[in-house]
Amino acid sequence: MSVLEGKELRIVGFLCNWCSYGGADTAGVGRFSQPTDLRIVRVPCSGRINPLFIMKALLSGADGVLVSGCHPRDCHYAEGNYYARRRLEVLKGLLPTLGIDPRRFEYTWVSASEGQRWQHVVDTFTQQVHTLGPAKRLPDAPELAALAARLEPLRN
Amino acid sequence: MSAVSLGYYPGCSGLGTSLEYDASTRAVCRALGITLQDIPDWTCCGSTPAHTVDHVLSSALAARNFAQAETAGIDDVITPCPSCLKNLRNALEHMEDDLFRARVDALTERPLTRPHTVKSVLQVLVEDIGLDAIKEKVTRPLTGMKVVPYYGCLMTRPASTMRFDSPEYPMSMDNLLAALGAEVLPFPLKVECCGASFGIPKKEAVTRLSGKLLDLAAGLGAHAVVVACPLCQMNLDLRQEQINAANNTHHALPVPYFTQLVGYALGVPEKELGFDKLIMPLAPAFTAMQEACAKATAVAEKKPAAGKTEATAGGAA
Amino acid sequence: MGMQKELQAAIKAILPEVDCVIGWGSGPDPLHGAPLFMRSEDDANRFASGFFAVNNPALFLPEYKGKKVAVVVKGCDARSVGQLLSEGLIKREEVSLIGFPCQGVVDHDKVAAALGEKGEMGEVTAVLEEGDALVLTLRGETVRLNKADVTAEKCMRCQYPNAHIADTFVGEKREPVATADDFADLAVFEAMSLEERQAFWEKEMSRCIRCYACRNACPLCVCRDHCVATSRDPSWLTQADSVKDKLFFQVIHATHLAGRCTGCGECQRACPVGIPVLLLKRSLARSVEKLFAYRAGIDEGTPPLLTFTLEEPTIKERSW
Amino acid sequence: MATLRYLPLAQVPQWLDGLAKSYTVFAPAREGSAVVYRPRAEGSMPELTARPTESAKHVVFPRAHELFSFTYKADPAVVGKRDLTLTQPQDPTPTVVFGALSCDARGFFAFDPVYDGCGTKGLAKDVYYLKRRQNTALVVLACRTALATCFCNWTGGSPASREGADVLATLVNDGLVMEALTPKGEELVSGLAEAGAEQGAAAEASHTAAEATMAPVPGAPLDPKAIADAVLARFDDATFWQAESAGCLACGACTYLCPTCYCFNITDESNGISGVRLRSWDTCMASLFTLEASGHNPRTAKANRLKNRVGHKFSYYPSLHGGRFSCCGCGRCIKSCPSSVDIRRIVQNALAAANVKE
Amino acid sequence: MRIGVFICHCGSNIGGTVDCKSVAEESYAFPDVVFSTDTMYACSEPGQQGIIDAIKEHNLSGVVVASCTPRMHEPTFRRAVERAGLNRYMFEMANIREHVSWIGKNKDANTNKAAELVRMAVSKLRLNRDLHSKSFPVTKRVLVIGGGVAGIQAALDCADAGLDVVLVEREPSIGGKMSKLDKTFPTVDCSSCILGPRMVDVAQHPNITLYAAAEVESVSGYVGNFEVTVRKKATYVDWDKCTGCGLCTEKCPSKKSFDRFNEGVGPTTAIIIPFPQAIPKKASITRDACRQFTKGKCGVCAKICPTGAINYEQQDELVSMKVGGIVAATGYDLMDWTVYEEYGAGRYPDVITSLQYERLLSASGPTGGHVKRPSDGKEPKNVVFIQCVGSRDVSIGRPYCSGFCCMYTAKQAILTKDHIPDSQSFVFYMDIRSPGKGYDEFTRRVQEEYGAQYIRGRVSLIYPKGDKLIVRGVDTLMGGQQVDVEADLVVLAVGGEATQGSPQLAEKLRISYDSYGFFMEGHPKLKPVETNTAGVFLAGSCQGLKDIPSSVAQGSAAAAKAIGLLSKDMLASDPQIAQVDMKRCVGCGKCIQVCPFKAIKEVDVRGQIKAEVIETVCQGCGLCNATCPQGAVQLSHFTDNQILAEVEALCRF
């Protein structure tokens, strides 16, 4: 029930506090309407984003993951986004080997003033993920899968 | 630049009011080693009358011409007329949107299968052939002829579509004419409106707007107003008498196409350039040019130290 | 064999200077070698190089930090040593390397497959190397195998058979088998669709027993006892017997090795249930080579993911 | 001796399909380069030539065993009140392992005393284990040869040992001679045709031939007490264990493939309001195995951990459980060790050291 | 843990498109939540009291508020939970306004999303721990970058408050744009009369160290203790010896140097004192124009200087210092208006900028205050002003209003009439924007009393006709009629842009800037002079174009912030920093390698190498955390487990 069945897909965003989270706020202040699929996890810096967070999300059932940080040269911590750029690019290259469509993961740079750009990014990425449809999920352990089934009625 | 082969779209005026533009374009291209291949069974570009009514329909007309070009194996097209150019480009731009393209495709028999480009003759001469290459081939320089280049409103605008030269103060035709040897006068109104669209419904707009152009050109002492657009040419040339009458002026400024002057300078015989189609005769311009030349030569001869001045002006029409 | 004697001589020569010399000895059956830690001439006499000297002795070096040790290295082992050095995980002055021209090592899975119905590897009682052939005795019969058919994949694409860093090099350097890595193995894998690849991992990982031999056999896994695989803080994995957790561990291992893995293949060899875990690291190595022109263990400098440049000409950032 | 029955090889899949109607059937399957016990796919022929890489213990003692699941549900009536619901997992279904090895069957003897109240009255019994143990029948496939890593004879076993098996199956020519050893076993094979006398003889001959391929026990006759003492005698000999563990990677392959290793960890895996309590395999070769809540760890070095593994199997366990080793000599720990650590050699070196010093 | 959840309606801001009540109900089922409610304005006094009361009544140990962005009210609510006795870090926010109610149209989807964001926040909060700040000493010195009117104000205010001030100015003199102005609106008083004394105050203040002809080379460190290096550019004049007598400028034979101070209206000498009131009043040599440098021989100034101050060998000099706070007041430049081809793109000498016109009007300018047009030195009669040149023009990427042009154009029209009584001014404008004390009255006066003719419309073309310029525009109030005005002089009210080098300085200061190069304030309303980098403040037009009163006000505001910051002897560090689990650290050194702040060092713990975080240096970026393979370094408040909990709260359902 969490995901609006058939309408929303599960998209997780990791945003740096200083630029992109601010950009998403700016988009909100500007009332730039966006699809509702995205859920944002706030982190201090894109350099904080361990690529494994993205893998964790993708392997745990996310249909898409979006990372956004400060533009190169603008990092609040001077260098975090440079490391992020390398690590995320390498991660993107690994996804096809795991059988995951690399279009399910994107990273980009949005500054705190770029509300409109943030809207565009969210629009574009959400559309991209919807084009791909729901991701195939890896099976949980049988006991966890059974648990999930048993708990289903409790959630409503 | 070696031999170039391009698709050619003459546009409707090329068959009627601007026969001389079409003829001189073909002649110039021939002289410069550009092979023009006419788009087979070309039709209206979808310009003014169509695009004010329906963008899809207008683009479909343009798209049909590209589809026709494909049948002849043509991808890259040139056209002399800036209005045609604008609409052909517009159509290609619009069709980058899949939805729009689908609506166009629904109207045409043959959807486009390949990417296309379209350029103006002016752009090809200036950018692809190059001024140096043209200069090298000049056999009859226009030394002494004072000209003002008049680009018209469309040649460089809208800037995002035409992507050619400065939208407000272009210099490409200035430079081209200078390369032919002419004395190019700075013409601040080079992209001002001539009133073309009002030619039928509001003639007084034409006489006012075009009149201002002619006044300034004459005021600058130009021998000719050189144009690149069939509509401009028609207003300034065909209607010059009407303008004179309305404004109480007495202009007799020839309004040749730039291709005609390029052709002349390259040594193309006048009859291939359609000089006779111009209402305001070009001959006085050549006369003025020769007089200026003669004067210059005389001055030069009086000053032996100045060395030899080249004066190889040819005959006038 | 000449090489064996020469190496033994080199080992004996260095023994007095070091705490021990790490190399190879014989294993529980004729097809298996085992790591050997030599402290005496007697130990050195048990040294056995050659086709069955598969283990990567670089694995043990960090354990000996603070002591001086010598290590006999194949070309691939030397790459691991090179990477450990460039990351400062071992000290150059504490390690002495004895290199030799490696002729390739065995792949036991290939031997097992080649034997097929003829018997199991554990039934082999004797092995003789005759030129390009291996002559095995089992169930009282002899079986000839073509060495090339049972050589490890990494050797088939080996660019560095001669230890590129060696304090002592025994024998003549040999020509490498390949001049560049064409990642042909990945091409084979990538012939599968994305869905098939996902199904592939699902199937392969389902038999993982989470013994972490892959991790512990990796010379560059530095976390050792503190791996996130089993820690609860941070808690990246559950203890559930799920493909998701098992595959995720492989992703963790691979990403931790991105730009560091030298492709020695020990992870895959160590896997008791034969899961092709090297593939993920190969994929990353290809990306790293393409993006940063970096080959771990060979190229000098900081591993690419621990540094950056202001402009990244090879990274085409997406134009949104 | 019970009636011998005969099952032509060609009919094995069909017979197993029949069993699958009343049992969950596990059988060896080849996957990649490994042979593992899998819930059998209908109609498939089990792998009968190569011996399984892993033991069959996970059938009775799953790698991660759900003990129960739990849910906290908010009570809307009382602020802050949570109702905890515990749910027991379903009882295990009757299960058959077809193609277990005799060492696998004997391996459970190391489990039984531990999970059955340590054989001592009044100590808790582990119902999770016992239910599965009782519900599982083992069809043992007699080994026809010994491998270089086999040493079941050290622990009182043999390639065709009947100990712990419910049925002993012996491959002869193109069929299996089946010998039911327990009522559970009898139930499985009762429908099969009786074996002929020559088939019985062939089975017997196979057993003898297999026995002949076993390497003899070193310093025969076997003296478990001497081994236990020799291993214990090395308890304080750090140098000994450092040398023995030098090549060890400290991974868990040996313990997880071992039919007798029974150690576990318990974790709650929860997400939000609900979760499961899991009992999962643990390995004494891992550092975390002995990490205490205080942060202290008595076994940080792999030498200590290897000492525990060998000591436990050959000394400490026997001292608690009637002298029996917690090792069945299957040799999987040697065969699959990435570093070829050989537990036999460690024991022998301990014996040798004992002889030298005494 | 006992968690309380508060769902804020924010009036109808959230409540309008999110069913807050049902989000609160759903939240009650989340783990460890023992209390949940919806509230109209969580940030209001009763809203905060409600949270405090609930903490006490239900013995809550953690609080989640779902409302606006944490960038807005996180500090507010942290203080509230602190007042109730909780540690301020036992608090999480779910942003259901900017990220939900304001951007999503579907109420069901919004409500669902809001509940999920609350679940994420609850999941993270369950792993939050009490965090405590450490304190560290501060350096009581302020760096002010830029010596325009805003920087001067900030420097003087800080210095008067007793702080040491270092003022760095790029040009050879302070004064900025204001020093170039003839008069100021709306009082039409003399610019240099009001600015001059302030400049002198700067020079004479014992607490101010002035570096003119200098730029900030690098900045490192952190709030309270920045390390700054300033590059003093070579002026080829030893300023310790120069007395500012001006003899050199009189004798300099190179007289065709571009006059920066006078905006290129007339040339100047190669060695200059920019203007008579310059502070410091010292000469400097323009290298490119100086014959000694271009031709290798001259040396007139060296010969003539009475104090021997000329030094052709002088090199740039780097000066390092420690400061506690930084005020950026770098101002603006006029945009390059020559992109406007229709205005001649610089081809017509009598089309000039407003700042050039100021110099023509100024009594201390090159024409001595006589308005003479550049082409022929004639006094213009018809002066046309064109507003919004480079402002409010999307077509050249300048959509913003420069804010001050309407006013200075009006002022210039008045001054034109004052200087040339028989002149006529025409002003082409888009809108007259004159909000400010006495501003609108001023723009009326110029029309009503001074007869300036205001034409509402844009100019499409300027072209020369004889010695006149024809300005063609449209009069939109006359039915869109085309108007041609014959002008003798055209003055373009050129808009401003962030001064050259702004992005580079922002990068050094680690502050953000917008796409036009203006520095980003911490919050558009509530933190107008603060930045997101603690200890760095903004004053004047570098933050966005503004007029003199606003610049001065901001200078004082920034100074107040800096004074407030440095009024304490010790600062509290942010406890959201990295921490090393010594037991799990294997000493591989990867964290040390990547730390941008050198905040991690190697330590020897009983013979083993371990990493240790220097608490006051760590800025909490978490790069080390993402780098450490075994996760032995964890960023407090953003630990792996906390982020994983958020991910799992989203994905495992």
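To keep things simple, chains are lettered A, B, C, D and E as they appear, and every chain counts its residues starting from 1.
FYI, a residue touches a chain if its C-beta (ideal position, glycine included) is under 8 Å from a C-beta of that chain, and two chains touch if they have at least 3 such contacts.
Keep in mind it's a predicted model, so treat the numbers as computed, not measured.
The set of chains touching chain C and also touching chain E is given as A, D. Each chain gets a centre from its C-alpha atoms; the one nearest the centre of all protein C-alpha atoms is A. At the far end from chain C, in terms of centres built from Cα atoms, lies B. Seen from the Cα centre of chain D, the chain whose own Cα centre is farthest off is B. When the interfaces C-D and D-E are ranked by C-beta pairs in contact, the top one is C-D. Separating the centre of chain A from that of chain E, both taken as means of CA atoms, is a distance of 32 Å. Here the CA centre of chain B is 92 Å from the CA centre of chain D.
Computed centre separation for the pair chain B/chain C is 72 angstrom, with centres defined by C-alpha atoms.
Between the CA-based centres of chain B and chain E the separation comes to 50 Å, rounded to the whole angstrom. With touch defined as above, residues shared between interfaces to two or more other chains in chain A number as follows: 56, 60, 73, 79, 83, 87, 141, 143-144. The set of chain B residues touching two or more other chains is empty. The set of chain C residues touching two or more other chains comprises 224, 226, 231, 236, 238, 240-241. The touching residues of chain A, counted against chain E in their complex, run 2-4, 7-8, 10, 12, 17-19, 21-22, 24-25, 27-29, 31-36, 39-45, 47-50, 53, 56-57, 60-62, 70, 73-80, 83, 87, 111-114, 119, 155. Looking at the complex, you find that chain E touches chain C at residues 583-586, 588-590, 593-594, 627, 629-632, 634, 639-641, 644. Chain E meets chain B in the complex at residues 340-342, 344-345, 347, 461-465. Of all residues in chain C, only 87-89, 222-224, 226-228, 231, 233-236, 256, 302, 306-307 touch chain E in the complex they form.
Chain contact summary for the complex, chain E toward chain D: residues 2, 28-31, 33-35, 58, 119, 123, 583, 648-649, 652.
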